[in-house]
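First subunit A sits with subunit B, and in the next complex the same chain sits with subunit C.
Let's turn to the complex of A and B:
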């Protein structure tokens, strides 16, 4: 090759985290512990109500879950396409994806609520008696969906998602580590063979998970595009985090001269394509169909996000998740400079969080769905607060992210940071954009 | 070499040109590998030549940098053309569907407030697909059209086609071409310089 990078060092100091990171990991654990404890104390001491707390919990947990899901997508898409450019950044993505094997813990409280029949405020279909009492019209609609939306099937599905994700997340990491040890082609081939079924399983599982955990919060409402919309969220959070992790590693003196501007430019393209354009495309397609058809049982969901504070939040989401970063990241230069790319990735990660907030937090007033009570309800709902500044949101977000970071750092420490015997490594090291 | 002062261009141009005599187009140097041409390109760039080019059978990594090619202004023009596509689509739809203005453009053109399924006349969501499409259309046409224009295409004839040797540029050889119109071009000196780059051959091409 023509322009070899300055010095390519594959020795341990460059590609193994070793003892460093220990401090960061401890700090993350402490922050996580303090924040989560403080958050739980809020409802325990009666400062806030439990149903609202669990809604915030669900929102933040889904946000954190999106990160390894996006990373998993990134990993298998590389094997699916036999990509050569990405080898040097695959290990951080694999490690991020491997977190799928413990994140199910965050679902336990929700599962307990559903199993004990006390999740009526969160997942209205789980308590039909209450729903019939509060909103007979919606309950009538939901009745037709009970073959799908019932507690046993809901739990079975959740177990299936977690099994699939934990398996895929750890399998790809393990296969890659095995490959790094023996240097053989067998593991590479196995990963390439696993990629297509992984893609199918991933697509199906995240679609139904989005139906179960986000769409069924308003069980009367439905959108067939919702799974794809959730996928855009996973891609946004996953790609942003991969970029942030790679940049942090490099800023701290690891993977030096291994990851180049060329790789960052391509990761920036990924973030640009999936996190901004595809998100806006799918979000608009979903909105457009519902807006145009104008059927009350469908429009209620968007209406709840247009009244009061939520209207401003929706506009802010449109600009913050699409318009502003679109203009910012469209040129190749901000993608190639670490400061601007870091800014863009952090920004997108935050808006990935806000997107989930926008999906999960608003509750549709039942009386909005009926013509008889619509006007009065819309008026009453116009003063609705989005509650973005509620401390519990931020405590849970920081707490869960820190816990996620702590475990990720721990796993980064126990494996090499580079797939050093990957057959594509040389290709990746000399990768250049035209 | 780089300290040579360039002779005024007009001394060469002023010489009465004889139409029967072929005018030189420039000199070509032939190389065998991508690595050689990148090295050669760096030398030619550092020598200060402006009217020159590299011809390779496939894109060579790092050649743009080695040649010192400035970045094209095309993306910036495309961005603003795309933006104007967005605006055009919005204005077009707002005018035709949501206004009753009239103006004369060869014939009288009148907006027609068009009520569709009880939506407001100025319904931006309904306009967005067309805005998106026109953005793409304007950007794509600008990109292709200006790419042709900037590259001087279509060009059915080129002096380099005269050289038999140059035909291998589309197969397995790599060429540096220095044109005679370059102010630093002196036939013997440039040929000597090209030979110092260690090519397979150096050849003069007539216009």
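Let's turn to the complex of A and C:
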């Protein structure tokens, strides 16, 4: 084992942002404000229809939500396994996860739509009269699910998810800061104790959130794997963002010599394992089993993603989310170089966004749920556009990400960037891959 | 940093290393401070002239059971598959249940040797040899069942895509053929991995061997290992590559096994969560079997300093985690069966819980979901008798899980007029228990003649293996972050 260079510095200049970041934060706020305002003006001025806007809103909001969820997973898994290597990158992850205490705001418009009964285009089960009119067969199927898919229960569940996430996200940050102040082992022990229940709550809440907000957009469709698939999305976005935040901090002269190539290599491995391989494994299993069994109730969901432009987008997703980054990141060298790792993390974050786009945006034409009618449908929908270049997508994505970045920068400024009294810190500073 | 008591010949031997003070890694090898002690303790099992009595007793019992297996298989081949309780519609029952059960058991080995290796879990070194051997023997047992299930055992090689004058090929679109490839690859890579790891240890035994036969036999298997720098370099490379190759295999084998069921349209079989759910279940049952075997083995062969309480504690945690995953999958299946609105799916799951096989379902849930929850308590995780009993429960539960999935879905499918009940015959039961004989015979021979713990790897995780060992006290002053914060 080679000892780390003697220039390890834990003084404030290295581990506290202080006044810096103020400009970046302001810029982010301004960009967020401008983009979100411009996005909202599109339907207001009649350039686009409201239902489509809210679908885009939901998609981008879920994408941004995945980032702190993935970061939360990262944080509690370190405590669960009593990991020693990761201490130096835990604080940025904790700060990212703490954003779970305000991101529920993005859900308010959806909640208002559902409560006022005007979400029929988005969540068809919330307006059964409309569904019966448009697709009686599907409505008949959905009728049996109303014990779960109904407005009051949907709202109660959403409140539960937000309560769980806000609690866990802020609890881990607070406990860690307390530990950084007193340096005692009690807080570390408390975090270790909290990790197992956190894992269980996290697993169940993201599963049902995925059912509620994504799977129920096509209420006839179902897949037992769906919660796990959504988990892959949170891991992809969360791990990419942790890498990006750490790299940005270091490029700006913070955490110098504290986070080393060794840590980046391991973060790269995490991204590689969960964001690419596990995602591909889960996605493949889900698709292959449904394709192979070929039961009309299940295939419709995928058929809608194979029509017109969507077929190309699906293939893009396969290559962009798995094949290309797999080849790129399999060697250790790109994981250890900040430029290549930054590229990989940015790439994966984008494809994390595209994955949600692929999940949320397509609407199943109701007459599609059968292979018998597939050829005719494929012809009819050959000109179907995926609409990826729609300005509203990009405005909402940039707007919400900027808002997220602005709040995150603010929180990074108000806490030390390092868990400097963590009992595993020494272990982490001297960590090396072998 | 650490406060490990490494004094040679300590008065009170350390037995409990399960304490978890944050920032401190507990020692994984207890009461030993010299590498030679590890060599001695592991090799003495293989070198001893007389093995503990318990070994002979177990071996006799295992041989008896293996004889039963041989008889049942012979009877089956001579008479035909009709001697099993299979009927139409239950054409898969004990045979495939046993196949999936044994393949599942075989998962702990690769998980420990590959995934835990990549996760840098040093405690794996105490149990990997052992678990990998178990994997290989379990896969042998698993391979037996499809082989004898085909009916005409003499043409079992048709399972493989061999060129022949009839131009007859297996169905490449069938998951059953993928199984042949998946299990075959798994067996090959596991065997290679196991053997690669064994080479330095076999050379150790060869070098210590007194008798001519031992020298020749161990020498042949040691492949001329001299422990030179170049040998070690190549060895480490090979080990890393095999670990990387094995990692996807941990997921692939049981995923493909799950495809046997999930690609069908049968309610209760066709569900998308099957691949990861089967993998979690396999790791769950595999670790349970490692605990079942490790607990008596460390007792009988005096390996408590190498397979410590911490190793067992960690394994029980893995059982708890994978048990929760299995519980999650059960819950998802049930919820989506209702949510799907498909009447056949709903029926399949209600039938599992309340139909003619309710007792099997009850056993499955109580053993697989409820039992592992006891491992939340550290007192139970570190209690030897308790973990032994709980691991047996898990083994039973995981067998019944496969039985429930396979038989309950087949017995009551779409058409009530074709429903039937499966009742095992004595040949079914004899073959199943007999397979434990085969497994135990192989395992006991392994314990007797092969180093049961990876000697070289265990030495590498001892603090003495660190080139800076002994400098700790000196280094601590300027390494401590607390000291730096003050400065």
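Criterion: the second predicted complex is superposed on the first by the 422 of 434 C-alpha atoms of A that agree within 3 Å, B and C clash if a C-alpha of one lies under 4 Å from a C-alpha of the other, contacts with A are read in each partner's own complex, and residues count from 1 in each chain.
Basically, a contact is a pair of C-beta atoms (placed from the backbone, for glycine too) under 8 Å apart; a residue touches a chain by one contact, two chains touch by 3 or more.
All figures in this text were calculated on a predicted structure; none of them were measured in a lab.
Engineer: Quick check on the subunit A-based superposition: subunit B and subunit C, clash or fit?
Structural biologist: In the superposition, subunit B runs into subunit C.
Engineer: After lining up the shared chain so the two structures overlap, which partner does A:189 touch, if you call subunit B first and subunit C second: first, second, both or neither?
Structural biologist: Second partner only, subunit C.
Engineer: Looking at the overlay, does A:373 come into contact with subunit B only (first), subunit C only (second), both, or neither?
Structural biologist: It touches nothing on subunit B or subunit C.
Engineer: Just checking: does A:20 make contact with subunit B only, subunit C only, both, or neither of them? Give me first, second, both or neither.
Structural biologist: neither
Engineer: What is the contact status of A:257 with respect to subunit B (first) and subunit C (second): first, second, both, or neither?
Structural biologist: Neither partner.
Engineer: Report for A:292: first if it touches subunit B alone, second if subunit C alone, otherwise both or neither.
Structural biologist: Both partners, subunit B and subunit C.
Engineer: Should A:432 be classified as contacting the first partner (subunit B), the second (subunit C), both, or neither?
Structural biologist: The first partner, subunit B, only.
Engineer: Of the two partner chains, subunit B (first) and subunit C (second), which one does A:144 touch, if any: first, second, both, or neither?
Structural biologist: After superposition on chain A, A:144 lies in contact with subunit C alone.
Engineer: As a test of reading the superposition: which chain, subunit B or subunit C, is in touch with more residues of subunit A?
Structural biologist: Partner with more touched residues of subunit A: C.
Engineer: After superposing on chain A, which of these stretches of subunit C ends up overlapping subunit B: 1-9, 217-225, 343-351 or 379-387?
Structural biologist: 217-225
Engineer: Across the two complexes, find the residues of subunit A that touch subunit B and also touch subunit C.
Structural biologist: 1, 3, 288, 292, 294, 430, 434
Engineer: In their shared complex, at which residues does subunit A touch subunit B?
Structural biologist: Where subunit A meets subunit B, its residues are 1-3, 284, 287-288, 291-292, 294, 330-331, 430, 432, 434.
Engineer: Applying the document's contact rule, which stretches of subunit A touch subunit C when the two form their complex?
Structural biologist: Per the touch definition, subunit A meets subunit C at residues 1, 3, 8-10, 82, 84-85, 141-142, 144-145, 148, 183, 185, 188-189, 192, 196, 200, 203-204, 207, 211, 220, 222-228, 269, 277, 281-282, 285-286, 288-290, 292-295, 297, 420-427, 429-430, 434.
Engineer: Can you check the complex and tell me which residues of subunit C touch subunit A?
Structural biologist: 1, 20-25, 118, 120, 248, 251, 255, 259, 262-265, 270-276, 324, 328-329, 332-333, 336, 339-342, 376, 466-468, 475, 479-482, 484-485
Engineer: In the complex of these two chains, what residues of subunit B are touching subunit A?
Structural biologist: Within the complex, subunit B touches subunit A at residues 34-35, 38, 59-62, 65, 75, 79, 117-118, 125-126, 128-129.
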